[in-house]
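The same subunit A turns up in both complexes below, where it pairs with subunit B and then with subunit C.
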Partner chain A sequence: MDSAVQTINNLTIGFTSQKGKQISILKNISTTIKKGETVGIVGESGSGKSTLALAMMGYVKHGLYTISGECLFHSNNLLKMKNKDLENIRGRKIAMIPQNAGQSLTPNLKIGYQIDEALKLHTDLKKEERDKKISGLLNKVRLPSPEIMAQRYPHELSGGQQQRVAVAMALAGNPELLLLDEPTTGLDVTTQAHVLELLNFIAKDTGTSMVYVSHDLGAIAQVSDRVIVMYSGEIVLDGPVRSILKNPIHPYTFGLLKSIPKLTSPGLPDSMSGSQPQPGTIKTGCSFYERCNLAEDNCKNNSPTLEYIDGLNTSVRCFKYKELINVKETNLDTVKSINNHVLQNEILDISKVSISYAKQKFIDQLLNKIDDSNPTVQDINININKGETLALVGESGSGKSTILKSIAGLLKTKDGMIKFDKDKVLSNDLKMRDPGFLRAIQLIFQNPDESLNPNHTVEEIVSQPLRLYFGLKGDELKQKIIEVLEKVRLGEFYLTRYPRQLSGGEKQRVAVARAFAAKPDIILCDEVTSALDVSVQAAVLNLLQELKEDFGTTYIFVSHDLAVVRAISDRVAVLYQGRLCEIGPSKNVYQLPSHPYTEVLLGAVLEPDPDLKPKLVAEDIVEEKPPEKGCSFQGRCPRILGDICKNEVPPWQIGENGNSIRCHIKVEDLKKQQNIN
Partner chain B sequence: MTKKKEKQKNTFEKICEVIKTMASKPSGLIGLTILIFHVILAITSPLYVPYDYKAIDPTLMLTPPSSEFWFGTDSLGRDVFTRTILGGRTALTVTFFGSLIALLWGGALGIFCGLVGGKIDDVVMRIIDAFLSIPWILAMLLIVSLLGTTTLVLIPALGFFYGKGIVRVARAATHDVIAKDFIVSARARGHSNLSIIWNEILPNVRDAIMVEGAMRWSWMLLGFSSLSFLGFGVSPPTPDWGLMISNARGLMSFAYWAVLAPIFGLSSLIIGINLTADAFAKALGIDRSTKAPV
Partner chain C sequence: MFFLVIKRILLGLITLFIVSLITFAGVEVLPGDACTTYLERQAFGEALEACYQRLGLNVPAYERYISWAWGVLQWDFGYSLSGEMKINEVLGPKVKNSLVLASASILIGIPIALLLGIVTALWRDRLPDIIISTVTIFSMTIPEFISATLLILIVAIWLEWLPGIVIVPTDATVSELLPNIILPVIAISMIMTAHMARMVRSSVIQVMASDYVQMAILKGVPYWKMVFRHVLPNALLPAINVVALTIAWLLGGVVVTEVVFNYPGLGRLVIESISNRDLPVVQALAIILASIYVGINLIADLTTLMLNPRLKSLQIKK
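Right after this comes the complex of A and B.
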């Protein structure tokens, strides 16, 4: 059991910059992957974790090269091997599962054929044996009815099923080492929990060693035996999962864990200041020096080495780790609770709104009517008070972004009405809306790379709403831009920068500044933190909360991350297939008894704690269209009653904690059932 | 005011940087040198041509190249060297302004179609497709024979026919950015279509359209010379490469110099423009990748 599968010795990988300087991406990496072990590599974007995973396959990206060190797979140095010899190892002995299975499967070949190809390449089985093996593999990754599945094309499968097929293909060659590069990052919460559970099962069942690369400590906690924390191309912490996640002795890991919002300790998490240094900028000293609370002069001048601590079985790269050894784990949970000043003053009233993506027929187009009996979003009734933060939660396809778009006027509603400030009806057509209403409702998007014009400077970006709504010009405009930027903690020197010269967090700050420049009453936040690193996410959440407290702005916050929603919202609305399931004050919604779908979602949340396992109560297959009649959640509901759920739309009930639940099951019965389990 | 100056300075620096990048590769350097050489020649040549380009001398008919007549003389005894270095003037002027017109209307229509989409886009694009299916040279011949061969007819006519292709490129480039959130964001703020085109789309599609325009320029040059060759471009005795080739081609077997010189002029200019356009495209592309954070 203890023999090493892969040994990496002093590996340094880098590139030569345009000025001819050698810059390292990975610095002196040494580690060993043992047989049957699952190692989690965690780090924020730019920490070099993917480069390390690729090097483990003997692959170095174009432009990069090995500066020193070796990567031994059973005493063969992969980085010096010829391509022909590598072919025998890749796929057969070491397999890789990529992040986005939807893109790594060939779209015009059937699933069965693609697995067969992998089998042909890596085994000497005959046709009949291979067919059997395909079914066996699909069975192993728990895909229903393997024979039918093998005949399908990738686009006919859901995201989770595609990821399972990718796992099956990787297992085709019976690899000794499985490399997983963010395998669950693009997946829904419940799907993610299911895939992780499957990976755990496979690791145990086949005894394969796994290297699991992820930025998500929650996922790492569920699968790994050992965790390697990377920062700026170096290993800063390496040890057993429990000691690392429960008592991190490196200040970076400590800060990282603190900045993750958790269901167990609701409230805004602490954020780390600063950002990871760019490769090549650190010359002497610890790479974490600038962001470290414990740093002293010694850290600035001398680089710490990776030191092995016997008692903890952990290696750490820090001079001051002793100060953290005795810190109790409860200290990790220092969070600020949010305190919103909510006025009992309705600012937005969404009543009976339905939205359809159906293509209009010609005659309907003339009559300006949408004919769709089963619209994507149906019967949404939500009131939002001034100063409140309302969160819309649901998996992909739940219609949460669709609702945001129609509030912003970007999508026409089919039925229903959206009223602003009690009695002012918002027009369905963006062009017909009063400019005052357009100013009052601003959007912040998920990905700042997409929402900021790459050819505009920060000044131009922030000036857009100021010029449009307030007609500012010249010095007055510039003054105002600087003022707005200061509010999001960006200095004056950012004015001339282009988005590509900013880090992810800075870009999102610019997007926030642009939204606040319009002095809006309502800000619609569409997954604003999901493209960001954990420590940056905490900073952006804190910033949003501070700005809200200053201006009394109302937020409608869309997210798939239940922990983030718990941290920032006053009220939560849970959506499934474009229908409301549950709505209420967030602390109540997050408490059982709740709607069965909320229960499923809460069960699937991954906490960065190896002792809190997700509860999988329902299948993770999402229907493509909402059901024609009855309850929207009937297809996956673990507590389905029978025909009544399939035929009748469930009624609203007031739950025990003041939350409204839309379910046929009586609240008392839900309470009993959910407490038993 | 200072802001405007700053912006101008920025743009100037940007242009310098792009030209520097273009010249850093041999192909770009060669292309730029040829192009600049031709442009300078076209502007200054009337000042130092050795002979009058119109002067006919029957006694000097088809003289081979000599120290007196560097490229020999043509069938009417005119100096081929004089006519060759003057021969690019009309072609360059007409095609330069022609491609400018093509760039403007093609780019504007393409961006507009890409932005509004839907029925309008469908109809306009089908009309463009229909025009694309007509052999341009036939249509040009028709226009020129109806309206005459003055430059005032040729420039807009060429500009129109070579703009059709730019419409497609501009539309495709617009489609790339139209789905991005910053356009959605501008729409949600309530900006007008014109403001969205000017502020949000144009900076992102400008490069693609400009490179396409540069490519069109070389094709238009070839097209214009073909027209002259057929006798529908410039009218004699104005020196023009296409016309010179046309006049001398019958005598090619014994007076090769009269054909070779204009051919050399025309092809070197086209190669120069092509190489420059290529380097330009690469410079704009590379420009981005080196500036992106590592």
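Right after this comes the complex of A and C.
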């Protein structure tokens, strides 16, 4: 065991509840991190994975304390160490790369200073040597012109660049162990793929051990040698990445993998029922008992132990794992394909729409004129048929949410027209809109924590559209509320509850119920599953699909997650910098030949399979503004032709699959080029 | 950023202009005028005419406003009614005395407030915090005229350590003033310090809980270094504006406290001239106090602009 960098023995961390009970967040964790190894820790929110990662640095959050066990770095117990000694280990021997680099860099200090601080603390280098080292580090994390970067403040960098700075800072002390807490969550797909590739390179180059904490099995698959799966504060599965992801022998991991939508097997994934138990609610038995398909009486009364299985080199906490050993990976792909009844009636016609965020000058405001030759969103033409699901995809800043807001009437369009039900023009001004149209178009937001009023009960939340649009009162109203709640599989029992008493999935169900209560024709879904855990995401996607099949509702579905979009949509529109790049039936858009930007996006998708590596086609530059003229994607296009792309807006071409591609390169040429690579 | 600074200064000047209009108009619409007040029962016939002639009240209001405003710009407020003295001669030493009092309170109050705020935040929910927080809440809730009276009772009357009221001439030098202002300064700075300390405390606590402070700890930055480099600059930035508001509030506090201690400053002049209906003086005081208020807020805004890297960098991009 001399190669162990960190050994954790029977670690239990918890807090004392208001009633004076001791409640554990982490229960009896034991594991070893070996030299040069990358260990992925995966689990849903509340599984204790971040608490475990912080404990590995000897850091326990305010309010929590160590109940028992130890966390040995070589042979020193970090949890019993004095602050003075910890300061010598943190940053020098063990370094952390935080989840949100933007908030983890001190805003008033320059990038160079913050790296220099780590160097000063952990090395004996002189000033000039340190300056050189800073440039070296920034170079190593592939930031352009390191000397200039060092003089910048954190807010002057893009999200991906901030994350790279955090990596550079962590590497400053040449640590033996790097802890990464969701380092790519919140980054765009292409940026995420680039950062992961960088981390892989650094792991190989420096031989550092890494602990990679994430809820994203796709990211875990790309970087880890070994994977630890956590559930409700316990390790339930621990083994080599391939065996965990290809033949998961714990029913939770099995269900988790099944609930992830995948590009390789399109359609709606199976969802897992229920949610993770709150800490302290499980007294006896297996913590996964409530949600397990294989559960039997024994599981309810006795807690399984973590059992090492020789042949698989894997430890598992389950009585019934043998039933899963022979289930081959193909069985994971039990997906339902969507079956939408799309009518040929046009329900929404977006023609030549441009939207500008440019602030009007005082004089222009008086003259009521908007002067912006280069608006955020330009020239959007989309027709949507009744009963269809249209998805808008693109990275942050692509204008997808902006378009949704305009349809909903929350943002004024600068040019163009949005027509509802063939010929009824939707007014630009929300106050001027007919209440009938307001009812017909409903919006579901990304984060139910913010879109539900915390001071309203579920009953009040769902009653509002019913009272407003249908004037219901008294018993009739109550009856209807219960009916709507049952549709989203929440019973009468939820009426008196407040949003804070609900889980993330339940909150989003309430938001869905509120939208459906208005009996809308069109529902606009703005990243509705991004804030949810994967198992909950699958359940919400399935629910949305069922409701749609029942009511024939039309969806406009905005998401950055290409696999989710593939699962739920009939047609996909790809946006870059507020301009359409490609639009067509989803199965065709996801096939080559396609617009170079679609190709870049598809290449960057992370599948929960260590053998499928992302293809990095283009640089992950962040553009702040769309180009003044020419093709919107010219700045990053790997297949740029030349001046024509810079000067002329590309024409629409119809691909052989029926998808429209807006590019100067002929479809036949795209086909050739993309097949070669 | 240059434009931002210019914009702020212009906005300040516009505010002052509007204030001067309002004070002038306020005095104008009051029934009666300076001459009727001054002449009382003799306010009729030739005497009144002569007075109008002398004070220049027989020209239209806008002309009078322009000549008054022009005078103000040159530190000339016209004549007071009561003594027929030039107002700026009356004001000069009183402004100085009040400034001495206010700046002494600020110089003592702000550092104490910062110290208390930081100590209570870093030792949050522990003994130092509990004691200091209780005391500050107490001193925040007691109005200054009560705390001033209590101070006189205890320190001046029972203990006989310091004079209870200030008996110096208006044109006393600073060194003559100093021993007399100890009690007024304590009375003024008590409330101000308590307010600021609470503000600093919550700001520091918020920053201490931020991701970047956790990151600094995990980077191995020693505790006090972390406090000084990573916490305080970010915590004190939002406090600057509150400090400015508190200082502006202090002007009002000074008025009340000066009266209690019989201090020869602006505060007593405000009370006296209002009760004498000495309108030119009231007008002059209003514009002076407004200028100080606007000035302090301007300084606070500009300091925030200078210190906030987000705003500072606008300069680079433009």
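Everything below uses one rule, namely that the second predicted complex is superposed on the first by the 675 of 677 C-alpha atoms of A that agree within 3 Å, B and C clash if a C-alpha of one lies under 4 Å from a C-alpha of the other, contacts with A are read in each partner's own complex, and residues count from 1 in each chain.
Convention: contacts are C-beta pairs under 8 Å (C-beta built on N, C-alpha and C of every residue); 3 or more make two chains touch, one makes a residue touch a chain.
Small disclaimer: the values here were computed from a predicted structure and weren't measured.
Visitor: Please determine, from the superposition on subunit A, whether subunit B and subunit C clash or fit.
Guide: The answer is fit.
Visitor: Touching A:501, do we find subunit B (first), subunit C (second), both, or neither?
Guide: In the superposition, A:501 touches subunit B alone.
Visitor: Applying the document's definition of touch, where does A:675 land relative to subunit B and subunit C: first, second, both, or neither?
Guide: Neither partner.
Visitor: Name the contact category of A:455: first (subunit B only), second (subunit C only), both, or neither.
Guide: first
Visitor: If you stack the two complexes on chain A, which partner ends up touching A:169: first (subunit B), second (subunit C), both, or neither?
Guide: second
Visitor: Look at A:108 in the shared chain and tell me whether it touches subunit B only, subunit C only, both, or neither; answer first, second, both or neither.
Guide: After superposition on chain A, A:108 lies in contact with subunit C alone.
Visitor: Based on the superposed arrangement, let me know which partner A:118 touches: subunit B (first), subunit C (second), both, or neither?
Guide: After superposition on chain A, A:118 lies in contact with subunit C alone.
Visitor: Which partner does A:284 contact after superposing on A: first (subunit B), second (subunit C), both, neither?
Guide: neither
Visitor: Which partner chains sit in contact with A:339 here, subunit B, subunit C, both or neither? Use first/second/both/neither.
Guide: Neither subunit B nor subunit C is touched by A:339.
Visitor: So after the superposition, what angle do subunit B and subunit C open up at subunit A's Cα centre, nearest 10 degrees?
Guide: Reported to the nearest 10, the angle reads 30 degrees.
Visitor: Note down the smallest distance between any C-alpha of subunit B and any C-alpha of subunit C in the overlay, whole angstrom.
Guide: Nearest C-alpha atoms of the two chains are 6 Å apart.
Visitor: If you lay the two complexes on top of each other, which residues of subunit A touch subunit B in one and subunit C in the other?
Guide: Looking at subunit A, the two contact sets are disjoint.
Visitor: Which of the residues in subunit C end up touching subunit A in this complex?
Guide: Result: residues 209-223, 229-230, 233-234, 237, 307-310, 313 of subunit C touch subunit A.
Visitor: How about subunit A: which of its residues touch subunit B in the complex?
Guide: 15, 18, 23, 278-280, 408-410, 430, 433, 435, 438-439, 441-443, 445-447, 450-456, 460, 464-465, 468-469, 474, 478, 500-501, 503, 514, 518
Visitor: Which bits of subunit B are touching subunit A when the two form their complex?
Guide: Residue list for subunit B touching subunit A: 3, 180-182, 184-191, 195, 199-200, 203-204, 290-294.
Visitor: Touching residues of subunit A toward subunit C in the complex: what are they?
Guide: Against subunit C, subunit A makes touches at 57, 59, 62, 83, 86-92, 95-96, 98-100, 103-109, 117-118, 121-122, 153, 155-156, 166, 169, 173.
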